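What follows is a pair of complexes built around chain A, which joins chain B in one and chain C in the other.
Now for the complex of A and B:
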């Protein structure tokens, strides 16, 4: 009886905790929406975040995407070789990179680098009273801190996925040429002939959705941090885990709706 | 500019009761010190005035207008008139000292870039930090950061300023400078200051009135002489800094 009671208590506690987080994110989404009409953004803070989120992520995204494209070609290489279907190499790599692997890999990298950093920064501001100091200066923390971050993450993840897709295809073409002897022109021909524009836009829709989810989750956990340095660590951990889950759940639904 | 009145303020955080019915009146233009042990509820009390904390019970009046439980946005006009210097300096780490001071000017006053910069430098000069304007907050110790926080709080020329332990962690000369500034604001600009402090030199140097909180209640409100001459053993223990006495630690 005690065991059942303990299990029910644990389930109840977890349920309340999750409900609390989901409710907090819904309220934050509402606050973001309210600040969109008319748009309230602080210029210097927006530029700082665009730079921090986008430009600083560029090198790691390029390296990740280049290797992702190469891995796609290596994985499909043995079948391409076996069947002599060299003309399909560009399609195989491009289709998987543009629709699925590109947005997911870059989204996860982005979440780990930018989302975690964002939660840590906001969380530290929260536990050191900097957020209350903004309120005391009659500055809305949502408009000043959250809005520029949401905009920067959505815009920059979109652009990084565009750049990442291109880089992945270049990585794939290079690997195809070096390892399989597939001419880069044939690789490009395969992409142009078999890949549709909607394959590319499908990935970009995912990029926008992932960008918003990472921004919302990282800002939510950052703005609700309590408990000093330990609390900041907990918030970052929760933010990274929740962002990763959100990326896969959104990916599932967007793929399902487009199928 | 008018009085600040706290009426029967109660506040608890979960099971921890912090304030148990505090009544306090701060007259215009006064330097009003709130003293008491750490955890007595001093910071919690003053944060109610600008809506950073909502009371469980009681009322707060500013200029005879009730400001209890206003909506967050309705507190913005009050916060422009009533600035707060926090216990931690709360400077924004991503900005230089000058940018920190420029922020409220940039957000609330319609001035061009040069005017904003000039006003921020003027405020930094008030606290002797103008030569460090292009450095980041992280480069400085808490004392110097606190001086910049004071400069930032004064940017909108507030009528009321809440100073939460403004001289804690500051060297004696800088502390004397901060005291002089608080006195100057009251004497020459009619600024009402509520100062939370444990610094006896400040308290018995510049206070017009002093209120002492103990266990979430106001146990005395009076002048410097009232505090020096009282027979209350708790107050005597506190102002003489004696480890032994009736005060529970």
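Now for the complex of A and C:
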């Protein structure tokens, strides 16, 4: 009986905790929407975030995408060789990179680098009274801190996925030529002939959805941080885990709806 | 000017402020004293609307703070400067930008005017050459003075100081108290000052509230607290260690 009671108590506590977080995110989404009409954005803070989120993430995204493209070609290489279907290599690698692997890999990298950093920054501002200082100076922290971050993350993840897709295809073409002897022109021909525009836009829709989810989750956990340095660590951990879950759940639904 | 009426706040079911009431007249400075954990900082945050009480109200210039819409509360906060105990300077902005921040957000001045006002402000706190430095490059005393400059640069009629001399050497503490005195005498600012430095606030405050375990145990003028027979107030004022607070 005691065991059942303990299990029920644990389940109830977890349920309440999850409900609290989900409720907090819904309220934050409402605050973000409220600040969209009319748009309230701090110019310098928006530029600072666009630079920090986008430009600084560029190198890691390029490396990740390049390797992703190469891995896709290596994985499909043995079947291509077996059936001699060299003309399908570009399609095989491109289709999976543009629709799935590219947005997911870049989204996860983005969440680990930008989302975690964002939660840590907002969390530290929260526990050192900097957020209260903003409010005391008659400034709405949502308009000043959250809005520029949400905009920067959505716009920059979109652009990074575009750049990442291109880089992944270049990486795939190069690997195909070096390891499988598939001419880069044949690789490009395969992409142009078999890949549809909607394969590309499907990935971009995911990029926008992932960008908003990472922004919302990282800002939510950052703005609700309590408990000093330990609390900041806990918030970052929760933010990274929740972002990764959100990426896969959103990916499932977007793929399902487009199927 | 500032009135606190029957303020109560609970934290995890435990009362941290209980029926706190007092008034601060226009142009005067009230000293908020008491042992650590008495609820002083929380009280300041409630007064300026950063934290909601569970019951009771605060009034600023006759306007009830609790229940104000966000826009009205934002408008009210233009009239209040708050110096935080741990400075709360923005890490990513240098000293000039930190002090200029409230002016830039208000959008009433040109960049040239703002920079001039910031420099005057830095001169007034004896830190004329640190505008380009970042908060992590400053000592505790410097951060406190920068925080002070940021809190008062919009010239608010009310300023709340949360332990302005905590952890500072006696010389810097004296300078800070001189700034507070100047704010009252030259600008006619109404203020509440939290401090453990009884010697320092003795001369700059007109009245005192002693808070202990969330309750007001003394509220009166400087003369009254100097001559009180209330053992708790006497102990805190004179720093005796073998009495009720010991």
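We adopt the following convention: the second predicted complex is superposed on the first by the 259 of 259 C-alpha atoms of A that agree within 3 Å, B and C clash if a C-alpha of one lies under 4 Å from a C-alpha of the other, contacts with A are read in each partner's own complex, and residues count from 1 in each chain.
Methods note: a contact is a pair of C-beta atoms (placed from the backbone, for glycine too) under 8 Å apart; a residue touches a chain by one contact, two chains touch by 3 or more.
Nothing here was measured: the structure is a model prediction, and the numbers come from that model.
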State whether chain B and chain C clash or fit side by side on chain A once the two structures are superposed. clash
Quick one: classify A:139 as touching chain B (first), chain C (second), both or neither. both
Using the superposition on chain A described above, determine whether A:56 touches chain B (first), chain C (second), both, or neither. neither
Considering only touches as defined above, state whether A:14 meets chain B (first), chain C (second), both or neither. neither
Chain B versus chain C as contact partner of A:130, first or second or both or neither: both
Quick one: classify A:185 as touching chain B (first), chain C (second), both or neither. neither
Under the contact definition given at the top, report the residues of chain A touching chain B in one complex and chain C in the other. 48, 124-125, 128-130, 132-133, 135-140
Chain B-facing residues of chain A, complex: 42, 44, 48, 121, 124-125, 128-130, 132-133, 135-140
In their shared complex, chain A is touched by residues of chain B numbered 50-52, 72-73, 75-77, 79-80, 83-84, 86-88, 90-94, 99, 103-104, 107-108, 149, 152
Complex contacts: residues of chain A adjacent to chain C: 48, 124-125, 128-130, 132-133, 135-140, 144
The answer for chain C against chain A in the complex is residues 45, 48, 50, 70, 74-75, 77-78, 80, 82, 84-86, 88-92, 101-102, 105-106, 150
